[in-house]
Structures are given as structure tokens and as C-alpha cells.
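Chains: A, B, C and D, in written order; residue numbering restarts at 1 for each.
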Amino acid sequence: MRIGVLTSGGDCPGLNAVIRSVVHRAVADHGDEVIGFRDGWKGLLECDYLKLDLDAVGGILARGGTILGSSRVQPSHLRDGVERAKGHVAELGLDAIIPIGGEGTLKAARLMSDAGLPIVGVPKTIDNDIAVTDVTFGFDTAVGVATEALDRLKTTAESHQRVLVVEVMGRHTGWIALHSGMAAGAHAIVVPERPFDIEELARRVGERFEAGKRFAIVVAAEGAKPAPGSMAFDEGGKDIYGHERFAGIARQLSIELEQRLGKEARPVILGHVQRGGTPTAYDRVLATRFGWHAVEAVHRGEFGHMTALRGTDIVMVPLAEAVETLKTVPEERYAEAECVL
Amino acid sequence: MRIGVLTSGGDCPGLNAVIRSVVHRAVADHGDEVIGFRDGWKGLLECDYLKLDLDAVGGILARGGTILGSSRVQPSHLRDGVERAKGHVAELGLDAIIPIGGEGTLKAARLMSDAGLPIVGVPKTIDNDIAVTDVTFGFDTAVGVATEALDRLKTTAESHQRVLVVEVMGRHTGWIALHSGMAAGAHAIVVPERPFDIEELARRVGERFEAGKRFAIVVAAEGAKPAPGSMAFDEGGKDIYGHERFAGIARQLSIELEQRLGKEARPVILGHVQRGGTPTAYDRVLATRFGWHAVEAVHRGEFGHMTALRGTDIVMVPLAEAVETLKTVPEERYAEAECVL
Amino acid sequence: MRIGVLTSGGDCPGLNAVIRSVVHRAVADHGDEVIGFRDGWKGLLECDYLKLDLDAVGGILARGGTILGSSRVQPSHLRDGVERAKGHVAELGLDAIIPIGGEGTLKAARLMSDAGLPIVGVPKTIDNDIAVTDVTFGFDTAVGVATEALDRLKTTAESHQRVLVVEVMGRHTGWIALHSGMAAGAHAIVVPERPFDIEELARRVGERFEAGKRFAIVVAAEGAKPAPGSMAFDEGGKDIYGHERFAGIARQLSIELEQRLGKEARPVILGHVQRGGTPTAYDRVLATRFGWHAVEAVHRGEFGHMTALRGTDIVMVPLAEAVETLKTVPEERYAEAECVL
Amino acid sequence: MRIGVLTSGGDCPGLNAVIRSVVHRAVADHGDEVIGFRDGWKGLLECDYLKLDLDAVGGILARGGTILGSSRVQPSHLRDGVERAKGHVAELGLDAIIPIGGEGTLKAARLMSDAGLPIVGVPKTIDNDIAVTDVTFGFDTAVGVATEALDRLKTTAESHQRVLVVEVMGRHTGWIALHSGMAAGAHAIVVPERPFDIEELARRVGERFEAGKRFAIVVAAEGAKPAPGSMAFDEGGKDIYGHERFAGIARQLSIELEQRLGKEARPVILGHVQRGGTPTAYDRVLATRFGWHAVEAVHRGEFGHMTALRGTDIVMVPLAEAVETLKTVPEERYAEAECVL
């Protein structure tokens, strides 16, 4: 068989592990040919690709990033390109395409699949917000990086007798905030799923200081929002250059908490460091399994599906299901963390 | 309520996280009292304990080891002690005991439970071989440590043009070998579940060198066994001091491979480093959830059960089920790793 | 003898290692008594202290922060307090005080020493900018944390085809920027010692893209300044809330580079994570040696001095010398890094 | 100019960083040509080399191992090859050779230099035992890996109430043992420089247990030797297969201590993991500086020298000096560690 693979969307630790796994399984075990499209869907639309043999994937298992490059693509652009894509698939004699990507990519994958292309998707997001899989690779690495940072920040917060408000990734869901906050023993966690009350947050942090503690760590998912009207800055905001991306919940919260509590509060924005670099062992294993099972699905002709983790098993789920809803943090998980507002 | 907690068996990253979580949930949320028995069952039998309040568990979440100490206890000794234990439980006015431990501990927990003590167990093993839970805490840390070591060893093996045979933990099951081997891209993995053929192993490693590669990494679970008669040293063996613990599969394999292939082969035994130290974020979250749910089970009166992970949920399973069978690596996982013999 | 020890100023990995070393050497070897003042000079002025025996320093070697707490103190406040301090020293029967701190602390130490107090200082700063010692502990950890972040950011920058401008600590000197930038292979480094030309920076980064590279990493010390007039934002700036601390060189540079190059550029501010948490082995050894030699100096009566590293030796240098000049990055080091502007 | 570079001897983190630095400085700044000989001196003798341009060294700065390969070579073999080497140097039009290696390599370099070849050496050893430089790259990484392992082992030793005897690298000198032991707070350290008395060691460890501590960590350099006659096993020994490499000081010590103290004692041999993998930031900076200065020395015609660190400066020292004596741990360093026997 002839299989094309591509990676699309933001960086995510484990992408290379999937690519390597696809090539190992397909080339070494099935005798297939594999090509990789450059820079995501763009490579498919522009027929820009390279051959992926065993040597091409040597030494990439533990490396962050993607040897294929990535890009974000507009859905409308993609829609217009379906015919072109089909042409290239025919031209190249491809029996299957394995796109590896997040929500946008999987929607695109469904579009392509509905248009008749033989697609087997592999979900990817550090945010862990894809509904039909227990976990996505990249998430464990992101949580690990955030937790290690929180571990370090605790001693500094304590030495300086401060509140630190640490912003972690998670625009729509609080998974990284929840897990890293639990792992590091944060004193409060705010998440996008549940608008928080700033009074309540200040009260909780304040009680800690009243009880004689000398510091507090608040973990804020970047998409966390105050309950309407509860906070002066709840409109979001732009920085001095008018760039929205420089404002953020951690800065707003640290100002609010400092004013309300009379304690020094500082924001720390972990940023891109959460999404790059060497994947954890967990993510490498999951990514490798996804790649392997994607190739098996291709050989079974199980198109229009994507790989998913359920318990300890890798299963195939229809792409249609995958993109229907976002996997948000369920209510019952808040109580376990003891400190989600 | 009044709850006693104890940790038993070998060291395992996450023990302190469970203890902390039990105390946080019970004391802070339910207003319970918690005491900790020292050195496992021994503390219960000898009524040796300390009070666990919130301060007592401050700062231990990320710390390896167990603040309660641990010990291994003979089942027979424990059987004789059941009445004594019951006496102490009555004396101390305990409503529940939460033992945290591995297979042996859970068997002891069942014994105590059958004898009428109010027990809620928390499973613990870096080996991941407890059947009724998807994963146990400690496993992810062990795999992480082994994988990081394998990552380092690869460059050395390559520079020195050698075979390295790396022995990882796993007396009865190959989970650590499988996951760390997959994560690090090992070239062969041998596990206890499937006796291996030394000829076949030598052939595979040899083919790698013939194909121009300059090194090979073999991961061996400590309990891996050659197929009967396939290897000169398959009887195991003792070292010069007559201590069985100094022999081992990695040494035997490196000698066999060196002789058969004419390539330098060296054993590396990772040993205890896999079971100590700071737990990964994954293990801290899992341990915290186990502790939280154990307290909830106590409050529901759901005794004779233990916590378990199923998919993304924590559930309670009867202790009787937990210790019936060992969770071995299923056949279908070998293929995914591409290199299990 | 009776020795008082205190930690002052910002958090710095290795503080606990010094405290432990002082106690081990003084108590275990010399039979001295050691007390620790709480929260830096404040503890001395308010006679707030605790006894430090061997148990008090158990398990702290690898822990970030300081078990004694820290605070920043105004020099004027300290000047007024000299007599009070002398009174407390007499009252407590102290033979020596060992303050561990940065530039401000060492200046205070000199003041106290000039006033007749028996002082032996230990220099501390992650910034590495104290002139009379080759290195200060904390610096290696800060560089390590920054380098690990840069390693991760590289794959993300590459996948996203972006410029990342990474702000590291260093208000007055570029040591952390230089070392982490060299260690991670940054493509440009800007430091406070040498005002940079924004045109030149944009040209260099631009050339990289023209040569077909897909990303660039710029490391900026927080105190780096553009040459006068070279940049729209060279006045620094405040954020929407009027807080100066939220503006910063990384944000300014990313805006300038994005506008000049037409490539996406993003700021990453590593922040406090560089100054907390477990110290590296290097810093633990250096801190331990400083503590040991400080006690020896006390026993030799070598007051008014501080410990310093010269080559592989620990020597004592007069406090007067220590605070005279800042140790800036010398010109000849720029060339080695290949990319300092 | 035309420069040849080679790496020789055992693996050492930072080798690739030197190669990269040589190429960057020589090619990008001086417009030189650089070639790399494969597998150390063997590549020179057999004229086996590859061109090293900027692309060839892309992405290798943080990677362990050496892209050039390495080998150990017999001095006699090398002596016979001098004329051949000279022939190849002439043939290839080389203006200089930069060998990167340890004691053996530097001796070979001196031989070649004495024979008239234009040599600038770069010292390399994780053991840190080269006399004329304060530090060699690779050492910091080795110490870091050993320290991290010791950190982990402490919690296990404590949970299991054991003595752990941890064998670290250092056949002739105790630098790694000293630094990792100090960094991790080991309770006893034995080094090759000072034959130890087993009675004394047992007494010290025993006193710890008598004082109520529940564990002890002994760090043993692999070359540590008991004082003559003090230990049953002081002859060294072979394992059941007659391989000397499987015996070792850690095993001998754990048996002796277990018998003398009646406490469980276990050996842990860290092994090759200390010499591979990603170098620390410290080692990357040092390696980069060595490479840069080696190229400068070539351009100044300063042959017969090697790079060395003195304080914070890189200086050139004659190869003749470099190999005269081993840098052993000086007596005064033992006292600082508090626990060297």
C-alpha cells in the first residue's frame, strides 16, 4: 500500500513518535510505502512531500516538534482544495492518508473523508479536550512541564511571601490546570469550564495567609473567566501595544489579589514551553500505539475513523463523533482537586 | 470518623501523595481524625502510630518514600496478629483502616477484611501488575526513570559500538520493560510472560549490525527467562559470594550475545533508582485521586474494596478480585512494540 | 562558639545547602552552637530566631528556598538598626554572624562589619554578578532551567515557523542570557552590558530566514536595552494597568521583529521559575563549600570577609572589595557566543 | 585554512558541542574548511572522513554521543601510523588537526605533535582527572546524573531501612564520587586516592543507625580500594562467568557492611548512564568555549597545545604538561565533604 502522513496545527510532543511508528509498522512490517506531506494540509494541497523510509525516521522518537513541519489552515481554504487533494491522492497512488492533528485537523479530516478520501485520523492536542479518547498524547508532557515549574515556583513564592498566579495552557478546557495544580498542590485552580468568583478566590487565598501560611499558588488556565461582573478586568484587555495576546488572566488576577489582600502577587505565564521538547515516556508510548493502530486501520480499510484510547485499549472511533463536542473537565473532578473554584 | 492509614511493601513514588490526600479529604473536608501506623502492618500490630493532621502532611506531595515508613510482613505473622489488630482498632476507636500496598498487602488487607475489620485498600506497585486497575501509581515514574536512562545509554552504546543489555524492574511481568522499551526505541525487549529464544534474540541483534547499525539496546525485565534449554545460563546463577541477587538476566544475556555476535556487549542494571524519588505528575494525580476516593468509600461504608482506575474514572473493586490474578502483558501489546521477542 | 546565620534577598537555589553546611561543620565538627535568624536582617533586628541543630537541617540539602525565610530590607532601616543588632548579638552571646545574600546583603554586611560586628559573608545571586568570585551558587541552576526551556521552545518555534524572544533574568548583567543562549544555541542574544541596535538584530534574524531556516530564537536579558533612538519602545513601558513590571524587553522585541520581518514573533518570559526549586549538583557543591569555609573563617577570626570561588579554590575576600563593582560580561565572551549583538 | 577534527575514547557529553563550535567558528567566522575523521584516530590513519559544514552540525549541540564516532586505539598502533597520518594530512592539505579526547588521546596527540603534525588538543573526560584544566566537560553531566540517582535512592533506602552502596565512575580518581556524594548528602564516600578501612566505614555507618537513623548511603568510586588486608574481598574478584567486570567495589562493600552491621545492604551500580545523553548547560558552554578557542589557537599557529579552563578563562597549555600527572582529589577537599573515609 501507499500511505501519506501529515501533521497539522500547533506543536505537540509526540508528533514525531507517531510518524516514526507509522513508518515502522507500514514499511518494516507490511512492506508499504509511506510519504510525508510537508507543513500539514498545505503539503497535500500543493503536492509537497518527501519519502519516509526507516532511515528518515531514525532518532526522532524522543524529539519534539515534527520532521514534517506543520501549519494551520483555514477550513474554507481546505474546502476549496478538496478536489485538488483528491487529484493529488490519485496522482500519487495513495491508498490512505493519516492526518495527525487537533480539533481543526480532525474536522478537516472529516471533510476530506466525507468527500471520499481514505482517511484515518490520529488525534493530537496538549489540551486533552478531544471527547472520544481518554487521553491525547502531548498532554502528559505539558502537565509534566507545568508541574515542574510549579514545584520550582513554590519555593520562590514561599521565600518571597507572595501569591504567584501561574497561567497554564487551556483556552477552552482546564485539563492542564487541573492536573498540574493537583500534582503540585496548588492552593486554588481556575478553569474555563466554571466562571469563578473573584471574591471567593480572594477569600480562600486570604484564609491561607490568616492561618499563618506565607505564600499561595494559584493556577489559572489561560481561558479561565471570572463570573460576569465579578472583576474589574473581566473584559480581557490589550497590552500597551494593543495586542490582545499580551494581556491575560494571570496578570489580571495578580492585580486583583494584590489589591484585595494587600499581599504581593505576581503573574507567571508558562507559555510555549509547555508544548515543545522531548515527550514524556507516557506520551511516546501513546503516540507509538496510535501510529501503529492507524496503520492497522488502513490495512483493514477502516476509513473515516480515528485512533482513541479507552482504558488501556486503542480503539477506532468515527471522525464524526470525534469533533462533535469538546471534552471538558467534569464536575466530579473538581472535588478531587480540593481547590477548584 | 477516625481513620488509620498505613503503607506497606517496597518503596513506590506516590505513597506520600496518597497519605496527604487521605488527610486532606478526611480532616479538612469531613472533619475526620486520621492516624498513621508506622512501618506498615507492624505499626497496627504493635499499636505504633502518629497523628496525621494537615501540618503533618505539608510539603510531602512531591516527595518520594513514605513518611510512615514501611515494612514487609509475613502472611503467617499477620494471620496470628488478626485478633491483636482487632483489639487495637477497637482500642483506638478506628472506623476504618486504609492500607496502601502491593499484592502482598492487598492479600493481607483481604485477610483483615474477612476477619471483620473495616478495610479500604489502595493498590500500589511500580510493576503495574495488579489486575483490576488500568494503572497503579509509581509505574509511570519507574517507566520515566528507565526511559531517561535508556535515552542516555543510546548515545553511549552508539559511540562505543556496543550492545547494551539494560535490566529493568519486573520480576513477574514485563510492563516496565515494555513501556520503557517502546518509549526509548529499544531494539529488543524480553519479558517474563514469554520465554525467549536466545538464538532468535542474537539473530535479531545481529541483523541490525549487518544492516550497518553500530549499536543495539536490549531491554530485559529482571524476571525474563530464556526458553528451556536455549541458553547456557538459564538456571540463573549466583555471584562469587554465593548471593543470588548479584546474578541476573542482563549479565547472562550480555555474555551470550557477546559470544554469539562477536560484538562487545555490556549489562546495565538500573535497580532501585526506578522505585524512589519524586513521582511524575501522572503518579501524583493518580495517587491523590486514590486517596480521595478511599476516604469517600470509608464514608459510604464500602469496606472490603479497593480503589482502581478504569479509563478516566476511579472505581471501587472488591479486594477479593484484586488479588486473584496477576495482570500480565497481553499478547496484542507485543506487536505494537515491534520488538518483543 | 555561637554562630548566627541568616538568608536575605531573593530566592536562590542553594541557600538551604549553605545553612546545612554551616550547621554540619559548626555543630558536628567544632561543637559550636548555631542559631538561624528568621527572614533575614529582620530576624536579627527583632531578635527572632530558632535553634539550628543537625535535625533542623535534615533533608534540606536539595530543597529550594530557605528554611529561615528571607526579606529585603532598606539600607537606611538597617543603618538605624546597627546598635540594636549589636545589642542582640551581645545578648545572645554570638561570636559570629554569617549572612548569606546578594549585593544588597553584602553591603549591609559590610556596614555591620564596619560597625564592629563579627561578620563572615556568603555571596548569593542567581545573576552571577558579584565581582570577586568566579561563580555564585544559584547561577548554574538558573542557567539550567533557562536552557531546558530554550531546548523545548526550539521545537515549537520550528514547528510554528516563528521567532521566539525569550526573556531571562539579568537586570544589570547578561550572564544568564549568555550562558543559556550559548548552551541552547540561540540565534541572537541581547544583554544589558551592550545596548543593541534593533536594525542589526532584525537583519541577523532576517538573514536566517532568507537562508531557508524556519525559526529563530532570541534570548534577551530582562535588563537589555536598545541603543538610544533605535527602537520605538525604548522607553520601556507600562501595561494596561499601569504596572511597569508587565512590560518588558521580550514583548517589545517581538513586536519590533514581527513588524520588521513580517514573521510571527512571540515573547516568552521565563520569570521566577529560574530562581526556585532544587539546585543543580554544581550549586549544591558550591553552596556546601561556601558554608564550610565560612565556618572555618569564623574559627580563624577572619571577619569582614566573604567566601569566594577562584578557580577550584574557596578563598576569603574582604567585604569591601566584594561590593565595589558589578561583574559584567567581558567583551571577549561575546565573540565566543557567536551571536551576542 | 583546512582543519581536521576527531573524537576519540569513551563517550562524554559535550563532544558534539565541541565539534559544532569548531565548525561554527572556523567555517562561519574564518571561512575555513573543516573535515571530521570517522571513529577517532582510526579515521585519520585510514583517511576516512566527512565534510563538516554548518548544516552537518545543525541540531547536535544538545545531543549526546559524537556524530564522528569514536574508538580506542593502541598507542603502539598509533606510533606505527605516524607516517601514514602525516601522509594523509599532506594529501588532504590540512593546516591543523583538533583531536578531542581523554588522557590516551592527549598522549597520542602529543606523539603526533612531536612528530611534526599541527595539533591543537581539546581535553575530554567525565572523570575530571586531567591536571592542567580546572574542569573538563562531561564531568558536570556525570555528576548531575549520579546526583539525581542518589536523590532517588535516598527515599528507597529510607523506606526499606537499608544501606545502599552506590558505585559511580572513577577508576583512578574520586571526583565524581566526591561531587555527587556532597551534592546528595551521602553518609560516606570512598575514593581511589585514599585506601579506606572497612572497620572505620562500618563503624561510621553503624553509628548512624545507633543514632536512630533508618538508612545510609555510601558512595563508592569504582576504583576505590580497601586498605591492604582490611577486607575479605580486597583482591577484587570475578563473577561466576569469570568476567572481572561484573565484580565491583559496591558489591563487595554491601556484603561486608551487611555482615558487620546486621542491616540489609544493597549495591547499585550506576554504570554507563553517567556518560551518555544530553549534556548539562554547564558542559555545553564549556565544550563550546573549548571548540572556539581551539580554532583560535589554530589560527595563531599555537600548535602542540590544548585548551584548558583556569578560573573563568580558557587558556592554552602545552600538551606535554597535560599528560604528565593525573589530577587527583586533594586532601583538603575531603574535609569539606565531611564524609570521605
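Heads up, the rule we're going with is that a residue touches a chain if its C-beta (ideal position, glycine included) is under 8 Å from a C-beta of that chain, and two chains touch if they have at least 3 such contacts.
Model, not experiment: these values are computed from the prediction.
Asker: Which chain lies the greatest distance away from chain A when centres are computed from Cα atoms alone?
Answerer: D
Asker: Matching residue numbers in more than half of the contact pairs is the bar here; say which of C-D, A-C or A-B clears it relative to B-D.
Answerer: The chain pair with the recurring interface is A-C.
Asker: Quick one: report the Å distance separating chain A from chain B, using the average Cα coordinate of each chain.
Answerer: Each chain's C-alpha centroid was found; their separation is 29 Å.
Asker: Please compute the C-alpha centroid of chain A, do the same for chain C, then give the distance between them in whole Å.
Answerer: Comparing mean C-alpha positions, chain C is 34 Å from chain A.
Asker: Can you give the whole-Å distance between the Cα centres of chain B and chain C?
Answerer: 40
Asker: Among all residues of chain A, which ones touch two or more of the remaining chains?
Answerer: 148, 151
Asker: For this structure, give each pair of chains that are touching.
Answerer: Pairs satisfying the touch definition: A-B, A-C, B-D, C-D.
Asker: What part of chain D is in contact with chain B in the complex they form?
Answerer: Against chain B, chain D makes touches at 10-11, 15, 63-66, 69-71, 145, 148-149, 151-161, 164, 214, 233, 237-241, 243, 245-247, 251, 255, 266-273, 275-278.
Asker: Show me the residue ranges of chain D that touch chain C in the complex, using the header's touch definition.
Answerer: Of all residues in chain D, those touching chain C are 20, 24-25, 28-29, 61-62, 134-135, 140, 143-144, 146-148, 151, 179-180, 182-185, 280-282, 284-285, 288-289, 292-293, 310-312, 335-336, 338.
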